[in-house]
Every structure is written in structure tokens, then in C-alpha cells.
Amino acid sequence: MHFFSDNATPVCPAVMAAIAAADRADHGYDGDGWSARLDGAFSDLFETPVRALWLATGTAANSIALATLCPPYGGVICHEEAHILIDECGAPGFFTHGATLMPLPGDGAKLTPDSVTARLRMIRPDVHQSPARAISITNATEYGRAYTPAEVAALGDIAKGHGLGFHMDGARFANAVAHLGCTPADITWRAGVDALSFGCVKNGGMVGEALLFFGDAAPARAADAARWRKRSGHLFSKGRYLAAQILAMIEGDLWLRNAHAANGAAQALAASVAERLLHPVEANELFVRLTADEAARLRAQGFDFYDWGDGAARLVTNWSQDAQSVAPLAQALKALDHG
Amino acid sequence: MHFFSDNATPVCPAVMAAIAAADRADHGYDGDGWSARLDGAFSDLFETPVRALWLATGTAANSIALATLCPPYGGVICHEEAHILIDECGAPGFFTHGATLMPLPGDGAKLTPDSVTARLRMIRPDVHQSPARAISITNATEYGRAYTPAEVAALGDIAKGHGLGFHMDGARFANAVAHLGCTPADITWRAGVDALSFGCVKNGGMVGEALLFFGDAAPARAADAARWRKRSGHLFSKGRYLAAQILAMIEGDLWLRNAHAANGAAQALAASVAERLLHPVEANELFVRLTADEAARLRAQGFDFYDWGDGAARLVTNWSQDAQSVAPLAQALKALDHG
Amino acid sequence: MHFFSDNATPVCPAVMAAIAAADRADHGYDGDGWSARLDGAFSDLFETPVRALWLATGTAANSIALATLCPPYGGVICHEEAHILIDECGAPGFFTHGATLMPLPGDGAKLTPDSVTARLRMIRPDVHQSPARAISITNATEYGRAYTPAEVAALGDIAKGHGLGFHMDGARFANAVAHLGCTPADITWRAGVDALSFGCVKNGGMVGEALLFFGDAAPARAADAARWRKRSGHLFSKGRYLAAQILAMIEGDLWLRNAHAANGAAQALAASVAERLLHPVEANELFVRLTADEAARLRAQGFDFYDWGDGAARLVTNWSQDAQSVAPLAQALKALDHG
Amino acid sequence: MHFFSDNATPVCPAVMAAIAAADRADHGYDGDGWSARLDGAFSDLFETPVRALWLATGTAANSIALATLCPPYGGVICHEEAHILIDECGAPGFFTHGATLMPLPGDGAKLTPDSVTARLRMIRPDVHQSPARAISITNATEYGRAYTPAEVAALGDIAKGHGLGFHMDGARFANAVAHLGCTPADITWRAGVDALSFGCVKNGGMVGEALLFFGDAAPARAADAARWRKRSGHLFSKGRYLAAQILAMIEGDLWLRNAHAANGAAQALAASVAERLLHPVEANELFVRLTADEAARLRAQGFDFYDWGDGAARLVTNWSQDAQSVAPLAQALKALDHG
């Protein structure tokens, strides 16, 4: 049973069905009927006018978002363990033409208003120092924590006050919303977010994430993003197959149901290893203390996962699981301590 | 009936079946079993060791190929109507970090040894002028012409003699091979080509082209390309779905059968409008003289296609057609002159 | 006697004196008293509010100007023999992050309204094609021709009508103004020019050109340019030595006197080789038919110059010459035909 | 009396004389006689074959050095207060096309072998993470500390062992050498350094730093650097005036005498404020505890300097001073405590 990544899972049947249903001739690129429905579908979901573009990957969505928010000479404040900094091989630097990521520490891979404000105060307003021009957070974070609406809004206020763009990497946005029980609007535009990378692939899609823009600047930023999409080789010839997947995810709340399933599985596992947890479990990731010997024992029973440095491991649950289906692992984890 | 682009067609059933067959858990990115088979499958097809990467689009494949062949201060010799120059919104400039495309005229969108040699002679070998570092050709060309093995080799000799990389944009490579009746090797590495963008999507795929490297430098270039792929957001989380499509295309010669079908359809149409042809028909595109009035008459009968400036039109056939299925358009075209 | 370039000349005594006069302690970068006077001095000269930055070279001034006018995915219409395209090793591509130069032919290295309009019409307004965003001309041109105020204004009208920025490479701006007898304003902002690279080095300076912005957008563009200047390593530690040179050139009309001297020398030479001229002589460059044998004879008499392809040569006069001082060459040229 | 920066000083008379001596016609760019002597002069000084290029600024020299050592997808390990990270408005990101600076903490703005090794161990060798490709240190550091030959060599060994390029920002290289009493070779190529930004302007020059390459790769890197120099607008039309300054600095050991003078002045000041020093004084910078009130008192006496955060100040001495000439400030500093 795979717990090393939500990337490992197959495609959700409803998404596969949507792909099959899109398998007819239509205009190329984003000139098709499915792509044309994206703005509307996301506007409904977020209760505000939204501009939406499909993109292949979260890396592309994040990087293009930042390219619309930050000039080449500017800086983007982010967490020191942010995916954009650590795991994208410099993609933000590529798309922004060299903007500087400005890393900050913080528990649970979260930025705090204090750390951001202190960082901003360090920058002299002359041409020698890169000015901060955007803040980027990940929700749920790289440690599976969810920023609450109030936490997002506090950062949004700082962004607004300093004229910074505000981006959210939502590779696991659904898991955050499912945990928080809020509306998608509550942790995005209502809290000051300008651009959201809305993840689909980890949540049951095959290929295709959505990049969303909110607010008055949305049309201009989306037009820019459309240029970056083409220019970076991301304008698919048959984009309808991506748009169809994304619509299947959001038009019937599949995205939320899938996230609830994955989160539920994570909670079931968390309950079985409460004392080993390195971070509270709020989404679909668990970080647990685990010796090499214990890890070997679990793997011998057929459970796959990543080591997380020495003496720890990361377990990721996914849309295809639930509390019941992960019971064997929960059992095995419990057995480590009480077996 | 659509003749405006081979992008408009649905996915070939065999490719769709391959996607379904790949719908199981496996490692993410390109760590899966399908991706692992690409090098071998292409090495068999090209009768030489090949390094192959899946990519989302031809634009990405072309641009990453050029980024491995040409430094930022260098130049790429190409035709003045090359897709890389005209229809990719500057993607090669993005991926190469500003390399200069050096356009040349030429019949049928073909470069000739004479024009390339003359262009090379114009460049002073000092730091003020960008040195040419690569040649890029499209086969079949933007006007549906096929470079023969001898024509490619003549350019390959120049490339080798001047230390230039040699790239082929093969968005319609299959159509060229089908027309020429040669082996894939004959118009690529045997003729000096270093990197090939091997098109699949226009030929029946959903998403996924292949970028191939030949020769001694292939491993180093492929390793570089893998970095560019990640860095440009093209390393899909679930790459197995792309790899599976590409394998389905090449492992059973589907790519060639599909191209023969499209080419056959084009020949059937060509026969019906021989006197109106602006270019010999060798692949799956026809460029025909057509007045606005004639175009309107055809569209009224349900035939879609692009205008090609004033008084001309482009008709593109595809894998799902053949001589028989396009007979209605052939009839309608004939009727323009003799109706 | 050197006629191969106006770069070869020593520094004009008045400029050298200004450097010596600036040799005192002051704030670094552009925080000094000389730099602070640039805006005012150029505003006086151009009879309108101007924002001015010193830069090291014409290449830097041109490239930074274009970076403020054109996004990475855009295009810059220029002549096919423009310095920015041919002789800057891709610098505009570097500073604009890959924008596309869109070359056009034209007599005397001049763009015409017809050619520009025709080029603009060729661009489809979709994301596949790079949109033109700027026009760049050189005045005096690469063939020593001067665009008249009316010619500039005709292009300025097109720029304005299409929302394009308008840049003038004025490496030999002084020579153009000296020839035309107009005001600097007449061939710049009054004719629609947004940004001017104002050359000093060829005209008697040591190091330091000025980049000027006109119009309502000038403050924002100059602020951007100041960022590019720092970011490209062009913000000199002791900028006062550059500012002092530029001020010395313009505050007493030295720039115009020097240009008149160089132009006068060119006219004297032109009169001696009227039948050999490939282009009318309007600034300080002559392009003359000259066999290899004739060239050798001149060089044997101590005259240096560049060959200009087969059977032609380029002669450049400079600020340190005048009609009288170049009489020996005039004599030698005349002797070729009548000797 | 200015102590805010060594940029504020006038030009050293010997350098000014060299400029005057270069004021004759010669070939443009770097085709002149002075530029031709640079390689030889630096090879003599460093006792090994050196390739040397003049450049306008330290920012340009640093950035071009890094561009030759690190690919766009790579990373450069540096101190978290390094000039390249903090004070160049992202120039390294511009020249390297987006490479990632990897900051580390460390006393006195120094990297240590332990911190570098630990950082390298954190990087997974897959395409998701940027690989480190270079180490960059500043000597003397941003806090006026000098890396000893042994300290540099320890880092050089790590660089060599991991296949990393090794760059030294030597804006105040002369001050470090003067302090250490070693040869220039000892803290550069003998300790594994591949590229050195050799500062001149702070040490008495007007405009012009030197970028030096050592070792077998020097010719290829210098050729690359020459392309970057042109492409970034740094190839001056009249480069002889820069080359002449640099030659004047190094051919008679002026660089070392000037540094000794500045260092001597710094030591004299250090002796007067020993208990207030935040860092040992080894070069020409002092960082001292100073209340706002004390700072005001000093400024009232005519001493200029920068505040360094709250409660501290930075004092910089320069080539035009010595222990005697700064006695008034030494006196004033002493009087703060004992006055």
C-alpha cells in the first residue's frame, strides 16, 4: 500500500470519465468549449469573478503566478521550506527572470505576520536592495498544516499595506478547505489572496492544475499569464482534456469529497501514532518519528513511504483511501508501540 | 468536417486504451515503469542509442532542445516562417535566455545549404556579433514539404563543419517519414541531427511529445534537458500517463499507420485541386488558392479550415481520416472548378 | 590618421577638464552633486521635463530603454542592420529577457511608415505570436543618414496609434541634429520618441552615455531603468565622473560643436569622392566604393579605415577633425580617380 | 571628514596620471595596447597564468564570474550577508539567468567548512532540487574580516571535492592581502579559487575593476566572460581608459600601498575604540557600538559615516588616509568614553 505520495495514485474514475467525454473534435489550445467554462465554474465556486487558466503542473502554476506579481528585480517572501524554494529546481527564478526568494523560518512551514514584518523592515528602499513585491504561502503547508482564514488575512493585510502581491500555493488546497470547513473564498480573496494555484492532480486528476486570479487586477494578470503559458510551452494543443478534468473536479464538489477522504485516512493514522507526530495532522500528510528499524518493519509488511531525514518518515494519504482502507497501516503503526 | 488543424481531432483509440492501462499506482514524475521504457523503445525505432524525454508540447520540446544546443549569446539559424520563430510567442528566447533566431528565406519553408552557408559567412567572429550555434529545421515543414535524407544530410554536414548543433522540429515527423518511405534514422542522426522533437499529439495523442537526443553528447544533453524540464514546470506529477501514450504510438508502428492515413487523405484532396496548389503536397497539409467566395461556399457545406492570407486557405488532414473519408471535400473542391 | 572609428579618438579636452574638476569626495553611486544636475540640464536642452540616467555604453542604454518599453514576450521592430540586432551580441535579448527583434529592410538603414505598418499587419492578435510593443530607430542611422523630424514623427504616429513604445538609438544623435539644424526636441519627444540613448563617447567623452525618458511615463520608466542599471552592474561606485562628462558635453553646447566639426570633415571628404558614395553623407560616416588595390594605396599613405565587404570601405570622421585637418585624405581620395 | 564609504574618495593621483597618459588614439573596445597588457601584468602579480578582463563595477565582475561557474538551474553557496545577495538588486540572478543563491550564517560574514558541508549534504541529487555549483566568498568580508590562506584553502578543498566553482569577491582584496601579509596567490589559486573580482575603485581608481580567472579552465571561462561583458553592455568603446587605471594600480604595487594606508588608518581608529568594536578590525572597516546621541556628537564635529542598525555605526577608511590623518576622529572617538 502506497503512502509515499499522492502523486502515485491512479486517476479518480469521475475524472477519467470526463476525459472520455471530452474525446471529440473541438478547437485547439484553449479555444474549446471546456476551457471556455473554467472562468464561470471557478467564479461560482469562489463566489466572485475569477480568471482561471489550466496548466500542467503546480510548479508551472506557482511560477507563472509569481511572474505576474513580481518583477525580475523584486523579491518574494516565502517560508524557508516552501516548495517554490526547495523542490522546483529554480523554476520561480526562471519564470520571474531572476527574482529573489526571501526565505523565513516558521513552525509548521508557516509564515507569521511578525516574521514577515520584520523581514520587510530589513530592506532599505534604495536600488541596491531587491524590494519585496510578493508573499507566497502554501496551504496546506509543506508540513500538512492549514492556515486559518484569520491567519491568511493577517498576511493579506501586510501584503496590501506594503503593495505586495499575495500568492497561495494550493497543491493541497482542497485538503486545507476540507479541514477548515470554511468556504474557498474565506482563505483566498476574502483574506487578500491575489493568485491561487489550485491543485487537482494530487487530488485525483491526471494532468492539469488551475491558476486562479482574483480582484480588479485579475483580467490583466490572467492576460499576462496566458502569454507566459504559451511562452513556456504550457499551452497544450488539446487543452480540452485538461479543462474537462478540472471541471469534473469542481463542478460536483468532487474535489472536496476526495479531500475529505484523504484527510479522514490521515486522521485515522494520526490517532494510531499520536505520540510520534512531529506536526499536528490537519490535511493528508503525517510526519512521524520512526527509527530505521521500525521503518524496515513497516516496509516488510508492504507499506511504502518516504524517510524524512534520520529517525522520521512522511506518510501521505490520498483521495482513494479513507479511515477504513488505511486500517492495516494504522494497526501496524500501533503495533510498533504496543505490539 | 474539420480541416483547420490536426489539433482538433480526438485521441486515437489505441492511445486512449494505453492511458487506461496506465491507470494504476506507480512512482511519480518520471520514476514509473512506462517512462523507464522510453529510451529503449526509441533506441529500437531509431536503430541507435537514444535518450528520450516526454514533454507536454512541441513548443516545450523545441525550446528545450535549443536550450541544450545554444548558449544565451548564440544564434539559431532557422527558416523565416519556422514555427519556433512565428508561433511560439518567443518561447525559444525564454528557454535559451535570449538567444537570437536568425531567419532565412527559402521555398516551401526549407533551408538550403547555400542560404545557410551565406548566412554563416556574414557573421564576424568577434564578441560584437552573436555566433551561430545551431540550425533548426522543421520536417515536414510549415508548408507540408518533406526534407529528403540527402537534403537533411547536406545541412547536417554544414552543422558539423561549423560546430553547430542540429535540431529538427518533428511536429509532423511521422508524416514526413510516411511520405519519404525512409527509416526514421535516415532523416535524423544518420543525416547529422542531434535533437528531434518527435510529435505525437497531432498524430493521435492526447498530451505528450518526445524530445530525443542522438550521438555521443546525448546523455549530457538529456541530463541538461531533464533540468530544464523540471525548471520550466514540465515534469508532470503523473508522467506515466504521457509515457504510456508515447509508447503506444511507437511500439506498434501506430505513429506510421496514422501518418499514412493522414497523408493519404491529403493526396486524395490534392488530386482534386491540383491546379490550385501553392506547394506540392507531401505530408498532411494543403495550401490552396481559394477566393473568399469559394471559401464561403465550402464552409456552407460544413467544411472548416483556416484562411491563409488573402485568396488562399490551409487544409489539414489527420490520422482519423483517409482518402475515402475526405471524399466529400474532394468532391466539393472539384466542384469549385467544374461545378 | 585614423578613420576607422570615432571610438578611437582621445577624450575632448573640455571633458577631461570636467573629470579633473569632479575629482573630489562626494557621495557614491548617483548620490553626488553632478548626477543630481542631469535631469535639469537635459530638461533645458530638450525644452521639456526629462529623466536622465548615465550609463556606461550605448549598448547598455539601448537595452535598458527597450527593457522599459517591451515585455519579455513582446517584439521590437527595427531595421535589419540596426546596431541592436547586429552588433550587441544579443544584449537586447538579455535585458528584455528574450523579447524578439523584428527586422525590416529599408534604404539607408531607415524604417519607413509603410514597412512598419505592413509588419504590424502580419501579426495575429493571439497568444501564439509575439506582439510588437516597441519601435527602435537609429539616428543618425547605421549608414550615416539622418531621419528628419517629419520622418520620425510619421513613425511616432504609428507607435502611438498601436500603443508601441518608441526608442531612438542616438549614438550619433549629435551628428544628426547638427546636420538637420533642428532642435533636439524636434526629432525626439515632439515626434513621439519615448526614450533616447544620447551618445557622448563617440563625440568626445571617455565613458558615459545618457539614457533619457520623455513624457508622462518618464518617471516610472526612469525608476525602472534605475533598477535595471543596478541589476546589470551599471551603477558605478563613483558615478560623479560620468555625470561630470555628460554635463560638460551638454551644458555649453560642446556636443553640437563637436558634431559640427566631425560632420564638416565628412562633407569635405564627401566632396572629394562624390561619385564613389554608396549613401548620401549626412553625419560623420562615409561609405565609399573602393577596390582592394585602392584601399591598400590609401593605407600605405597612413590612412586607417574599415573595409565594408568587398569593394567598399567605411570612413568615420570625429570631433577632433574638421574640413582642414582631413584635407590630406581628401587629396588622397581625389588622387585615386585623377592621380 | 568622510568615513561613510571608500567610494566617496577622489581618484588616486597616480591613477589620474595614467588616465591622462592613455589619452591618445588607439583601437576601440579592448583592442588597445593597455588592455593587451592586462593578462601579463596579472600573471606576474599572481605568479601563474591569469586571464583578466576589465569591467565597470564589482557587481558586474561578481555576476559575470558566477555566470561562468554556475548554470541557471544551479546554486551558489554564499554568506547570508554577502554583497551578491544583499546589495546587488538581484544582479547574480540576472547574469546567471536565475541561479539560486544559497545563504549560510557565519561569524564575521565568513563561511566555514562545516556549514558548507552541512548545506551540501541537504541537497538531494535529483532534478527537483537545485544542485550547488559554486561557492562565493568575500575577502575581506562584509565585516572587514580577512579569510586566511588556510581558511580559503579549506573551502577550496570542499569546492574541488564536490566539483564546485570557487569565486572570491575581492572588492577589498587589497586590504585583505595587506592585512595578511601573504602573496595574492596564497589566498586565491593556491587555495583553490577559480575566479576573483579584483577591486580597484574603492582603492583609488575611477572606474574599472578586474575579473581574473585562474587554472586550466581560465581561457574558456574568460572567453565566455568576454561574451557576457559585451552582452551586458559592459564592453566600453574606449576601454583603454579602464585598462590604464588597472595597470597603474598593479604594475607598481600601488594597490598594496593604498591598502596599507587605509588599513593603517583603520587600526589607528580601532585602537581608540577597542571596547566598542563589534568585529575585529583587519581591513579598512570598523563596526562600532554607538548610541544615537554619540553618533550625533561625532557628526556635529564633521565626521560622516553610516548607521549600522540601531546603536551601531560603520566607519570606512580609505587609500587617502593614514593613521595620522584620521587622528582627529580617533581623538573624538576616545573622547566619547573619556571626554
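Think of it as A, B, C and D in the order they're written, each chain with its own count starting at 1.
We adopt the following convention: a residue touches a chain if its C-beta (ideal position, glycine included) is under 8 Å from a C-beta of that chain, and two chains touch if they have at least 3 such contacts.
Keep in mind it's a predicted model, so treat the numbers as computed, not measured.
For the pairs A-B and A-D, the count of C-beta pairs in contact is higher at A-B. Using the average of C-alpha coordinates as each chain's centre, D ends up farthest from chain B. Between the Cα centres of chain A and chain B there is a gap of 34 Å. Per-chain CA centroids place chain B at a distance of 50 Å from chain D. In this assembly, the C-alpha centroid of chain A lies 42 Å from the C-alpha centroid of chain D.
The set of chain C residues touching two or more other chains comprises 29, 72-73, 88-90, 94, 97, 127-128, 227, 230-231, 235.
For chain A in complex with chain D, the residues that touch the partner chain are 72-75, 86-90, 93-94, 96-101, 127-130.
On chain C, the positions that touch chain D within their shared complex are 2, 4-5, 7-11, 16, 19-20, 23-29, 55-61, 63-64, 88-91, 94-95, 201-202, 206-207, 227, 230-238, 241-242. Across the complex, chain B meets chain D through its residues 29, 71-73, 97, 127-128, 226-231, 235.
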